[in-house]
Each structure stands twice: as C-alpha cells, then as structure tokens.
Amino acid sequence: MTDHLRCEGITVKFGGVVACDNISLNVETGKIVGLIGPNGAGKTTLFNVLTRFQPYVAGSVFHNGNNVDELRPHDMVHRGLARTFQNINLFREQTTLRNIMTGGHSLIGNPIKAMCWTPDARKREREIEERAIEIAEILNLSGELENEVGNLPYGYQKRVELGRALASKPSLLLLDEPVAGCNDDETAELQEIIHTVNKKMGVSVLLVEHDMKMVMKVCDYLFVINFGSNLAEGTPEDIRQNPEVIKAYLGEEEHT
Amino acid sequence: MSINNNQNTDIQANQNEETRARISTVKNLKRRFVRNDVLAMVLLFGLMLIAPLFPSVKGWMLSQASLVIIYIIAALGVMVLVGFTGLVSVGHGGFLAIGAYTSALLTLHLGVDLVVGIIAALLMSGLIGAGLALIFLRLSGAFMAIGTLGFAFFVGTILNNIPFFQGRDGILLDANFVLGFEIYDHGFYLVSVVCLILVTLFVYMLVNSGTGRAFMALRDAEKAAMASGVNRLKFRTLAFSISAAITGIAGALNAHVVNYVSAEVFADIWYSVDILMAVVVGGSVAILGPFVGGFFVVMMPFYFEQLADFSFIMKGVVLILVLRFAPAGVAELILRPLKNARRTILRNVGGSMVETKEPKDD
Amino acid sequence: MSSLIVENIKANYGPITALKDTSLVVPEKAIVTLLGANGAGKSTTLKCISGVVKPVSGSITWANKEIGGQSPNSITRKGIAQVPEGRRIFKDLSVTENLEMGGYTRSDRAGIEADLEDIFELFPRLKERHKQLGGSLSGGEQQMLAIGRGLMADPQLLMLDEPSLGLAPIVVSQIFETLQKLVEERELAILLVEQNMKMALRVSSFGYVMRLGQIMISGSSEELEDNKEVYESYLGTA
Amino acid sequence: MLGQQILSGLATGSLYALTAIAVVVVFRNTRTINLAQGDFAMVGAFLGIIFLKEWGMNYFAMLALVVLCCMALGGFVERVVMRPVAESDWLTLFTTTIGVYYILHGMAGWIWGRDTKAFPVSFEATPVEVFGALISKGHLYNMAIALLIGGVLWTFFTKTKQGIAMRAVTDDPETAYLMGIPVKFIVTLTWVMAGAIAGFIGVLMAPIIYVSPEMMDEILIKGYVAAVFGGLYSFRGAVIGALMIGVAENLAGGYLGSHYKTSVAFVMIVVLLAFRPQGLVGIQERREI
C-alpha cells in the first residue's frame, strides 16, 4: 500500500523543551490510523507539524510522496488535507451553514471573481452550498443550518467542525481528539460518522484520541508516542498487549 | 486543484427520499430569505432615489443627506475591514483624504468629470491601501490600530506641509460636472445615492461569496480559517485594499459636496476615529450597521450645532452605552427578531434535536 | 478538624457539563489521589475547591465551614492552596518573586521569610537559581517552584494537578518523595490529581476514579491497584 | 549644535516616555489601548491652572493635588466605564476608551472653553550649560521629574508586593487569581497609576505647549508609537523608543526643516515594523489580541 502521509525524524523544540524528538509515522491510504500517548507526550505538536501549523527543527513531512516541508497550512488544504482542533475551533458567530461552507474555501476559485459574482463563481458557490447542506444532513445538522454555532451544544459543535473539514473534499482527514468531552451517545455517533467517512467516502483518517475504547474500536493501526518519541506501533490488538504501552499509561513502578 | 470529484455523488447515493426532500425545502427557504433581503434594499434605495421629488424636501436637506451618505459609504469601507476581517484601522481618515485630494486635484488641474474623479479616487486609495497592507498586516490587533493611526497622522502632515496640496488654504473647486452636465444639490444627491447603491450592492455580493466567507473566517478563528485553506496574507491584503478603495469613493464625494478640500479638515485624526465609531455604534456585522452609524455620527453634531462640546459628550456617552448594552451594534438590535424568526423556521423544517437554547448575548 | 468534604457538586465549564455529581473526602494529613482519563472532570473538581470555578450546586466544606463559591483569595487564606496543571509559573518573575506571590494572601513578614528559607532548604536547586526568571527553569525545576509557590501560602491542604505531566520518571519520583516528606513534616493533607496511576497510588492512602464528571470507583490505594475496572478506564480494555 | 539638538530631543523624549509608560502599564494588564490617556493629562493641566490661579496654591502643592485628582479620575473611569466591559475583546475595550476620550474632551471644552490658555508657571528661559550644550531650565526640570518618576515606578515594580503582583497579573491573570491575588483590585490600581503619571505629564507639558482640550493629541500618538517600539509590553522598549523619537524629531526639525518634524515618528514606526513586527525589544505577544 502507498503512504498517504508520512513524516520522518520530526524534532520540535519549545525553548529548551524538546516536544518531539525524532518521531516518524505514516498513514496508509484508505486506513484509519490512531496516534496515542499519555498527556504531554507531544501528540498535538506532531499533529500540528503534519498540518504545517508548527515549524520543526529537523525531519520532513511527505504527502503522497512529495516533500511538503515548505508548504503553509492553507496549501495543505488545497492538497486534500483537512483537520479539526482539540479545542473546538469554529467561527462561533456564524451559522452552521456558513461554517461548513467556509470549509469548502479551497473550491471557490479566484477570489476576485468570487466577490464579483461571475457566472462561473456563482456555479462554484452553488456547488459549495449544496455540498454543505448535504454534509449537514449526513451529520444530522440540517435543523441547525441557520443557527449560530456558538449557541449549539458541545456535541453539535464537534460535528460542525467535522463538517467544516469534510467540506473541502479532503482525501485525508486529521482529527485531534474528536470525542473529547463527549458523552457515550455522542461518542458512539461520532465513531459511526468517522467510519462512514472512511469506508464510504474513501477518506484516510489520522486521529489523536484519549478515549481508548473508541481508538481500539475505530483504528486499523496505531502509533504510540511518549516523551516526544516513538514508543510503539501496531494493530490495536498488539498495542493493547504491549507492556511498554501499559507502563507509559499507568505510570512506571520505580524502585528507588 | 480539485480532489476526488466523485465524492459528491457518493454522498448523494447515501440519501433517501425523505432527506432529499428536506434538503430541497431548506434550499428553497434559503433562497426566499435572500429574496426578502434584496426586496428590503430595493425599497429603501427606491425611496432614497425618489426623495428629491417630494416638494417638502429642500436643497439644504439634500446636501445634509449627501453628507450622511458619504459617511455611510466610508463606514461601509471600514466595515469590510473591521466587521468582516476583524482588523482594526484607526486611520481610514487617511484614505478619505487620499480619495478627496485625488479627485480634487484632477478636477483642478485637468478639469475631469466627477465620475472620472470618483473612479480615480477609488483606484488610488485601493492601490495605496494594498501597499500599506504589506506593512500593517505584519502587525496584529492593537499594533495595527496604532500603525494606522500613525498613517492618518502622516497623511495630515504631508497635506499640511507639501505646497502642492495647498495646505490649510485648501483647494477651491468650481461646479461639479457629471457626464458633461453641471449638477447642483439635487444632482449631487443622486450621484451620492447611486454610489451608495453600488457600494452596498458590492458589499452584499462580497458577504455572500467565498471571498467574504474567507474574510470572516479570519476574523472569527484564524487557525480554523487556515485549516480551511484560507491564505491569510492574501485575503487580508485584499480586504484592506477593498476597504481603502471604498473609503476613497467617500473621500471623492466629500471633496465635491462642498467643492473644497483643505488640510485643516483632513489632518484631524479624529476624523478617522469618527468613521470607526460609526461602524462600532451601528454594528459591523449587518450591512444595516453603517447606515445607522453613519446617520448617527453626522446627525448628532447637526442637532447640537450650537453646542459642539455637548455633542462630543453625547457621542461618548452613546458609544459607551452601545458597547456596554449592545456590543454588536444598534443594527443588530433591530435585526435580531428577524434573525430569530428565520432560525426558528429552519429548525422546524430541518427537524432540530437541540433542546431550545435561546441564543445569548455575548 | 481540618478535613475537606465535597458533596454532590455540579459544575459547567464553557459549553460542557464538566461535573455531574462529585463527592469526595480528604482527611487531615492524608494523601488522596483523584484518577481518571482526560476530560473526566478532575481539574474542574480542583478548580471548584480552590474557588476558580463556581459550582452550580452541592457543597464544599472545609474545617466544618462551607466554602463553596467563595473567591480564591478567601479560600487561600483559609489554608487551601493549589498547584495548577502545567505548573503555570510566572515566566517574567524571578524565582523568589514567584514564591512571594504564592504567599500573597499572608501578611506575617517573619512567617513568610521562614517559609521561604524552608522551601529553599527543601529544593536547594531553587535557592541556587533564586534570581533567575521563572521561564528560564527546566520542567522539573518549574514543578518544584510551583509546589514551593503553593507551600508559600502556608496551606493545610495542598492540591496538585498532574505534577508529573511531561516530566521524566526520575524527576517524578523525586517529586513524589518530596510530597510524602511534606505530609510528615508540615502536617499537610494533599489532594493529588494524576495520570501516572501506579506512582500516585503508591504514595497515597485513598483514591477516587472519575469518569465523565462522576466518581466511578473509590477505595484504598491497595484496593484500587488491584481493581480491573481502573485499568479499563485507562486502556479501554479489561 | 548637534549635542544641543540631541539634549533637547531627550528632554521632549522623556515626556513621550512617560506617556508611553502609562500606555504600556494599562495595556499589559488590561489589553486596553487607552485613547483617553492624553485626556487625563489634559484635565490635569486645566486643574493645575485653577489650583494656581484661583486657589492660589504653590507649585508643588498644585502638582500633588493634580496628581491625586488624576489618580481618582483614572480609578473612576476603570470602575464605572471599563469594568463592565472588561471581559470583551480588545476592540470593544479600545472603542470604549474612545468614548471616554469624547466625554472628557467635550466636558473640558464645555467647562473651560476651546481657546488655548497659558499655564501660569513658566521657567526662566535662560538656558544653562550641560556638557557644553545649552538647554533651558524647564527642559532640565522635566527630565529630572521624568527620571524620578521612572525610578519610583521601577522600585514599585521590583520591590513592593503590589508591584510584583501587578507583574504577575500581566504574566498570567488566571494563575494570579488562583494565588489569591485580587486581580480586579490590581486592574483598578493600574488605571490609578496611569492617572498619576498623566497628572505629572499634564503639569509638565502645560508650560511648553499651552493648555487646550486638544493639547495632548499629538503627544499621545507619539507615546503610542513609542509604546509599540517596546512591543506594548516592555517598559524599557517604550522608554528607548520615546527617547529615539524625541531625538530624531529634533534632528529632523533642525536639519530638514520643521515641516518634517511631526512625520518622523510615523516614518520611524514604519521602518521599525517593517523589520521587527514584534517591536524593538522583541517581546513576543503572549496573549492573542
């Protein structure tokens, strides 16, 4: 299988603190890959490196085999990469529909034409809107299209964010803690949606998550990092039995 | 470049009859809302256009109205920046001055038509705006506010000190010509209204386009905007120059409404502050905002003409009260019931499952 | 008797109901651990006790007096100090100034001086660096400083939010040893929020496990260490 | 000639520096760009005239009373106007101070009139010689007071509990609150301090530029520009920036002609920001503003 996204030897430093130390991972095309590790292990930092939000001192990121070290976050979206954020990051004062449509930004074409409403731009605009309404239907958000996102309950906001990411027609979706703070029902629902997106729409997924039950159920393959370094990788089954991983999560028994 | 165009059909394949019906109802409703908005604007502008026909409307009322319109246009310009992109300029008086002097000097030296003057002002302000954006956009929030304040101040000193601009003596212009015809109060009023209609139409189109969405995305959540593929610098520069260009139009009109420009007027940085204030008081989210704000800023000193200082105090008090009790602006207060009604209609159609939680004011 | 009793508190954190119904007890001179996965409501519980977050309902009793809903200022004065998650050192203040801020609510000049000396004795590293800016310290030193800053309030109850976060195991075990020493020497009670479960249970006498804003399991540390459900809440497996 | 230009530049610069410090103090702790800062000083200058002329006070008693009044004004504005909107975004905070500006401006015009007034105290114009350069006694006196205020502020921020607490609030208000530091009180204190500084500036400036409602507009803008030099966070950067503006302005006035004097600040800021958007001292913005 080909790698959709791959990084090698990523190192990130914040002042004197090394947040990522020579981390490598890869996301196979069409798979759901999980990135896990204890708090403060550097997961979100790595995530930001992959989406080019975070500069790094060493290492490289490859997308479909091309080096993307020099690209900026918005370039990545135009290449088919979409992401969500750990703390919901939405346009809170705008409606659900506009939020999702903004996600389709990479499809608007020339911005000057878009704002002058040329026939071509209007056609694109209608397509973006239609797609947004359809995505809202999939995500069970149809009733909230004209509601400002800031007024929606937490679980809804999580889905709107997912909708925004899907609107760009991504081929790879990166989700940072998609179910954090959700109750069991909301978690199950999101889990179902991630599954649909992956299987029916053929989108590869990389997700960072703390909810182990969910990770184990959803992911095809897992990477574990700790203290900013690779700790283990394998299928959920392997990881569950890996003593190193258990130790990292439960705390080491130091005998001093 | 587009990726996986086949996905659209995949989504559709997953829909059943019921959801498809619901989607089309939602779409129709959205279209109806847009039609209503447009209808309201047509009514308003129609009324403004036929206003001079009423016998009770006097010439001085029309020039006062032209002044209000000029402020509304300037405020629409600032709104594109402050309201849509969340960048704050306290220096738009500078662009007003650039527009005014561009048109005034062209008229003085080349005797150009008012239409040409306005277009030249628009281009000049827009270009200078684009150039300045490259400096100011390196700054964030408060830094940019101070930088732009410095810019307005700078324009003022240039006008005052370089002889070409005729300093405090100012430039006195002859009559205005539009398409070869000499115009007076009535004619100028109509020109202003036409400019206002064009600018409003443009702003409306901007808001309802991907470009406008990108601006607002940058305003509300910069990171999320970048994650949606918005090129931050490109779109901010665009917003800044559009905003400057619109303000330039207001500047040109301002020069011709009294046929006089002078550094005395434009060197005052509080001119810039006034425009910003119009946007803040009126509200910078709905297009109605600058209309309310522009009216307020012009009419307040007009009513308290004998008590200039008292109008200052009133301005301050109103500003503080609006920020305290209606931070989204007065227009938001007016439009809120309408928005809520639309929301409710769509919720009923779309089958909302959220326990109704009334939108709270932040 | 200065023991802390939290009864049925409920709290919201932004749009999320962070605490549904949480009750716990911290007796005098004991170390009690609060465990649970991310987002379980541990930090919010601490914030409710320290007064940063106001609980919607329920009661918090300290030394037989209700303290729920009071300001952090008055709660700190009553002898409860918190060491926040992620250390939150004042980066632009020197080490000494950071410690002084920990004792902001106190006015006994002599007591403050004495405690400052005590803390420098406890953490000699801090004394060496007392003039350095907080932001220039290493992670472990910052954690020491955070604990020292908490101690400067002269508390009878010290609450620590994930002191092991992002620190190497060897540093973590040093810090935990210090905590045990503190309980013995200063007659403190400690409420510890931790992810590092084994180490936390080893130093504490009693533990609670939270999930989705509620206490799911509670028991003595030995009991919890052998409890399969506890593992499950961490690894999502039995 | 050059030495003299530089010296009087430093003298004006030191007044810009005080304004800049007041701007920075308020901005650090409240994210507010206080547009009314100049008007506090303006009110102080008008009060100074009243105290001297109508109440017949001596200079130092007047200075003390003006500073007290300005402190009260600063505190009042914070409690009554700023506190209700304290949680808003910075634009709201900023525009609220515009409201304060309008009100103070209008009130001053209403009560005291729009004409410029001379400040009764002026120092002898006879220059004294410092390091071979001539400088007026008034300038010298201003520099001394500015230096003194600087020293008092430095001591306050490094040696006193409230001063350190103020820095702690700048650093991390949430944690400061957790430590039991009364953040709201510190914020009020911040505005009181800005008022106090404004009181000094008003009285020092008045003899140089005459007294009118608009007297501080230009100085305030230079104070802002200077504050930006320090990234709006650093006192040191603000002071350096202010002195630089003062000197550059004087040199431009002397060698290029007085027309260009007032544009210098803007040109400097553009050049600086083009190369160092974070400000001269390079302090990164810590909060999202």
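Should a chain be cited, it is by its letter among A, B, C and D, assigned in written order, with residues numbered from 1 in that chain.
Basically, a residue touches a chain if its C-beta (ideal position, glycine included) is under 8 Å from a C-beta of that chain, and two chains touch if they have at least 3 such contacts.
Keep in mind the model is a prediction, meaning the values are calculated, not measured.
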Minimum number of chain-to-chain contact steps, chain A to chain B: 1
Chains touching both chain C and chain D, listed by label: none
Selected pair, greater C-beta contact count between B-D and A-C: B-D
Greatest separation from chain C - chain, by CA centre: B
Where chain B and chain D are represented by their mean Cα positions, the distance between them in whole Å: 33
Whole-Å gap separating chain B and chain C, where each centre is the average of the chain's CA atoms: 52
Between chain A and chain D, centroid-to-centroid distance (C-alpha), Å: 48
All chain pairs that touch each other: A-B, A-C, B-D, C-D
List of chain A residues in touch with chain C within their complex: 15-17, 38-40, 153-154, 157, 177, 180-181, 183-184, 210-216, 227, 240, 246, 249-254, 256
Chain A partner contacts - residues on chain B that touch it in the complex: 1-5, 7-8, 10-12, 14-15, 19, 22-23, 26-27, 30, 202, 205-206, 209-214, 216-217, 220-221, 223-232, 234-235, 238, 285, 342-343, 346-354, 357-360, 362
Touching residues on chain D, where the partner in the complex is chain C: 161, 164-165, 167-168, 170-172, 174-182
Touching residues (chain side chain C, partner chain D) in the complex: 50, 52, 72-77, 82, 84, 88, 90-93, 97, 100-102, 104-105, 149, 153
Chain C to chain A touching residues, read off their complex: 15-16, 37-39, 135, 138-139, 162, 164-166, 168-170, 172-173, 177, 194-200, 202, 212, 231, 234-237
